[in-house]
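Since the structure comes first, as structure tokens, the remarks are kept for the end.
As written, the chain order gives the labels A, B, C and D, with residue 1 at the start of each chain.
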Amino acid sequence: MSQPVRFALLGTGRIGQVHAASIHRSEDAVLTVAADAVAAGAERTAARYGGRATTDPFAAIAADDVDAVVIASPTPTHVELLTAALDAGKAVLCEKPIDLDITRVDAVRDRARTAPRPVVLGFNRRFDPHFAELRRRVAAGEVGRLEHLAITSRDPEPPPAEYVAVSGGIFRDMTIHDFDTARWFVPDVVSVTAVGLRQFSDGIAAAGDFDAAVVTLVGAGGESVTITNSRHSACGYDQRVEAFGPGGLLEVGNVTPTLVRASTATSSATGEPYRRFFLERYRDAYELELAAFIATVRGEDTSSNPSPGFEDGRAALLLADAAELSAREGRTVPVDLT
Amino acid sequence: MSQPVRFALLGTGRIGQVHAASIHRSEDAVLTVAADAVAAGAERTAARYGGRATTDPFAAIAADDVDAVVIASPTPTHVELLTAALDAGKAVLCEKPIDLDITRVDAVRDRARTAPRPVVLGFNRRFDPHFAELRRRVAAGEVGRLEHLAITSRDPEPPPAEYVAVSGGIFRDMTIHDFDTARWFVPDVVSVTAVGLRQFSDGIAAAGDFDAAVVTLVGAGGESVTITNSRHSACGYDQRVEAFGPGGLLEVGNVTPTLVRASTATSSATGEPYRRFFLERYRDAYELELAAFIATVRGEDTSSNPSPGFEDGRAALLLADAAELSAREGRTVPVDLT
Amino acid sequence: MSQPVRFALLGTGRIGQVHAASIHRSEDAVLTVAADAVAAGAERTAARYGGRATTDPFAAIAADDVDAVVIASPTPTHVELLTAALDAGKAVLCEKPIDLDITRVDAVRDRARTAPRPVVLGFNRRFDPHFAELRRRVAAGEVGRLEHLAITSRDPEPPPAEYVAVSGGIFRDMTIHDFDTARWFVPDVVSVTAVGLRQFSDGIAAAGDFDAAVVTLVGAGGESVTITNSRHSACGYDQRVEAFGPGGLLEVGNVTPTLVRASTATSSATGEPYRRFFLERYRDAYELELAAFIATVRGEDTSSNPSPGFEDGRAALLLADAAELSAREGRTVPVDLT
Amino acid sequence: MSQPVRFALLGTGRIGQVHAASIHRSEDAVLTVAADAVAAGAERTAARYGGRATTDPFAAIAADDVDAVVIASPTPTHVELLTAALDAGKAVLCEKPIDLDITRVDAVRDRARTAPRPVVLGFNRRFDPHFAELRRRVAAGEVGRLEHLAITSRDPEPPPAEYVAVSGGIFRDMTIHDFDTARWFVPDVVSVTAVGLRQFSDGIAAAGDFDAAVVTLVGAGGESVTITNSRHSACGYDQRVEAFGPGGLLEVGNVTPTLVRASTATSSATGEPYRRFFLERYRDAYELELAAFIATVRGEDTSSNPSPGFEDGRAALLLADAAELSAREGRTVPVDLT
């Protein structure tokens, strides 16, 4: 058996807790240090999952007993921490987005590209077992050459106004996940046509943002991708993917907590609402994302579903920028992701 | 084109109306005479669907312009009308059951067996498109040699007390359909094990009858069949069939009026209740049953799904009698259907 | 009972046969005259379904024993026959499209608008029981104010090259059905954004047409509608609708011939392919469309699902024209359907 | 936070590994000692999941740093180890069955009944999230008073001949799980009617055993339960439950690895085969079973879904014995589980 990978966790908030628990449950990982500007958060995490606590992320990155760094701190800190980790020669799993500003992303691009250690982006949906199996079957040619990908992605509830204000807008904050899913199937996107909508939230409209959107991407091979977004969904977290080709259709519907179905005097085959919380819906994905990162760090073969890297994070942001422009100007925007 | 088959309809109640409408919609059938002890019923039917009206079923049977007779009158009249139709050399479609008393059935058995014209029993479920397709695929060997057949059959509501009193009991009145379905797949049944239940209806219990039942049949080839019955079902007419063999499982679930599915804050993928009314659930089956009868009368090849005949009606009654005995005595009852 | 409506059928090809059979099966309709430039077609239809045959559609329209006219002849004849029927004061059920040229449509618009008798367009999907029930539930407010409608519509196979050449292009020939479905839910469309695709057919590309398309409509109330089209679909005729609002999601999936599901060593819950042929898929819709037309002719209340009229046929063509423009120029095109 | 529960694991074979992994993943448990007659098995387990290794289960039971014992050794050792654990005053999670011989079970019954620490039986299906949710909803009265429970339970493949020989027969080895599931819903069973079948396996027949069975139970409240078993199932591990009452039907179907559905030229909505391996199918159940045992050991409130105890293990064996008798003699066998 290989030695476990020794982790520094930067940020012990909601998403940091997810990664800490995954590290605990893995037989191949150990938490060495938990860092958070809020000392209590770091300490609680270390007490529960092992390792020491610190308020200094740079010390955590630099520690000799740290092989890999998970950046789960607020977005504005990502680029700086990523740079430090690259400087220290550590492997990095960085939560998305890299940054909301493409110029800041591009400033660190060459460093990331030439880094000797893996730099992985936290696009967790690539590790969802359902989506990954669909992707594997598309890649295996089951429906032939992909012609259309339909992504439906709706959040249960809109974020609070203060979050909307700093979110970078629906395309950079929410659709960015779907842009990455699109590129998982169609890496080379050549145009973006987006329609932004204001359907239900006065607060989001007041912030100049959209609360729903429809985006059409076209790939270099003539593939089309539709993304349908909304910031609310009464029935839960609506996360679906369909892939269509000359051989037929592959689809993944929504996940419910259990398979219980009820039939009564007023309805039949009634299931439970979809999972509401993204951490519930993507619980397995987060654990598998960490496992894939560990395999990458160890140099194992992950070619069947490689972890997304820095370039994928950058491409998703470029698509979000193009979508914003398209929606604002009412025209198709060509993109060049190379 | 062949000449249309000319029909006498005996009995213009609920089920008689179904047959009259099927005759009207068919391009291969014409209603010549409608007979009912209630003159107004016969007249209304003739006015709507064509032909003349009479209160004398024997005259209708004997008429020169009648090729085929549909017996849709009350059960106690079946044997007498069937005998008259056999005497007159007419083809017969007789509603189930032939009679509730096996001795009366056996009294006419030889006549039916040697009749030159077809005698068909109205076991409509054999013509349900869903069940018939499942049966076709079992017969084609899709799951290999049949090992188990599971029939679930529940009525939306119990019949009125006055009907229960003359119904012959749950096995002869309700399960008889399921016995025929069982024999459609496993013609040679060798034993019956039945459990009768009193779960919800004081009225049915007071009549000495069961309101639910579970029956296990064993076929000569070692096949098992389970029949699960209830006299009520809040979600509608619960009609399902599963066929299991070494190759896997074929199943038909319940039919809803449309395919609309709803997902809301409290549920997902909610369908409409099952069809409640047997005439709705088996509407296509009744029309296809008549079409198959017409094909039989015309001597066309119906070997892929032949209409059930007198012997099938008798066998179903024998199984019902055996089930009654099994339930009363708490033991497996061997049967001989030959 | 009312007198049956007396029909002239103009055109006895494939779709004409559908209407002739519906007239035969209805208890409220009778076929008086069948007209076709090909005498044999008219004669065969009259022999089978009743009435007399003619090669002169204008004589059929003018006949005293004709109350209503079904125009099922080739598209280029529609406007002329419609005009004649309006002149003769007859009710009209005209197959879609009215014409491929908006100027020819507009030339007859005022006549149609002021006609004393009903002018109904053959957008059969409005009478599909599944879609109609979904629409009824949206209209009843079950998901609240409609926010998004997703229409998937794929043909099993592309039409022959000679048909493509005169079809008017994918938007006027195929998407036109989906534009009408969109307007059934969102009558007042204000913009069209279309992406045309060339994914698989060299022949269609050579004709300058698209073989797939993605269209986004925006309604006056901020509703979005996506239409996803392809000219091929291996799994059959792919016809789905989803309606989303603050209360949740209503959806109708594809229709299979039966409900049989199979589970084997390699798969589970496998259903049959979707119906392949539009006449099979929409068989009930055609019969219900005729029934609704008869009810309209008789002046019965059809307000719960009124038949689409001339203005609906014109609006669908306007949307098709706008989609063509949008796809060609890569920009959102505003529309005014009033 | 409470101290973790300290475990001795007796038996480190297949099912022992499952429990060891569950202990590792739990934040509330720690493995103190792994015991196995095969020293290498104990050592490998301890190396991977912590604790020390031994070949002496009695030493493991008696150790001061052991709070709770998991008995995962071969069936014939269960009673002896259970007795030792009771003597030592340790909490016990004992794999099913307690023993194949009711007299040996009854010999330890009083000791188990009066034990101060919990004695829990490993009927893992009670912790399957799907079945447990169905059970919760039945208990909450969602379908009213339970009238019928239908359990379908088929193994992917028959066990090897040498196992069959010592298995105790299908009712004591396989159906015993279903008897416990039945009693989870209907604790007080009053009669058993079983039909044993020999459908496909000459080896099982040669051993005098059945390879399939149908069992009907009746509860003291008039409830019926059907259990349908087979020792093979091409489509995977077929594990379903339906609960029916006056309010309707609750059901849990089979679990597939992912939700991917495929539609092609030959089929639609095709899912993956059911999970084949019971450890895969019930993976979550095993983890939740351990969590519930820990909660029981800690004295937490588990009244919503209490762990099954010694009496449940005994009752399941009594039902198996009665089923064997019923199948052999072709009669309904009354039972008294008190």
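For the reader, a short list of remarks on this structure follows.
The rule is short, and it goes like this: contacts are C-beta pairs under 8 Å (C-beta built on N, C-alpha and C of every residue); 3 or more make two chains touch, one makes a residue touch a chain.
In UniProt terms the chains read A, B, C, D = Myo-inositol 2-dehydrogenase/D-chiro-inositol 1-dehydrogenase.
From a predicted model like this one, the values you see are computed outputs, not experimental measurements.
Farthest from subunit D, judged by the mean position of CA atoms in each chain, is C. When the contact pairs of A-B are matched by residue number against C-D, B-D or B-C, over half are shared only with C-D.
Per-chain CA centroids place subunit C at a distance of 57 Å from subunit D. Measuring from the averaged C-alpha position of subunit A to that of subunit D gives a distance of 39 Å. Residue positions 143, 234-235, 247-249, 263-265, 272 of subunit A each touch two or more of the other chains.
Taken chain by chain, the contacts link every pair, so each chain touches all the others.
Touching subunit A in their complex are the following residues of subunit B: 234-236, 254, 256, 263-274.
The touching residues of subunit D, counted against subunit A in their complex, run 24-25, 27, 48, 129-130, 133-134, 137, 142-143, 247-253, 255, 257-265, 272.
Those residues of subunit A whose C-beta lies close enough to touch subunit C in the complex are 143, 147-148, 150, 152, 154, 191, 193, 195, 197-200, 212, 214, 216, 218, 222-224, 226, 228, 230, 232-235, 238, 244, 246-249, 330-332.
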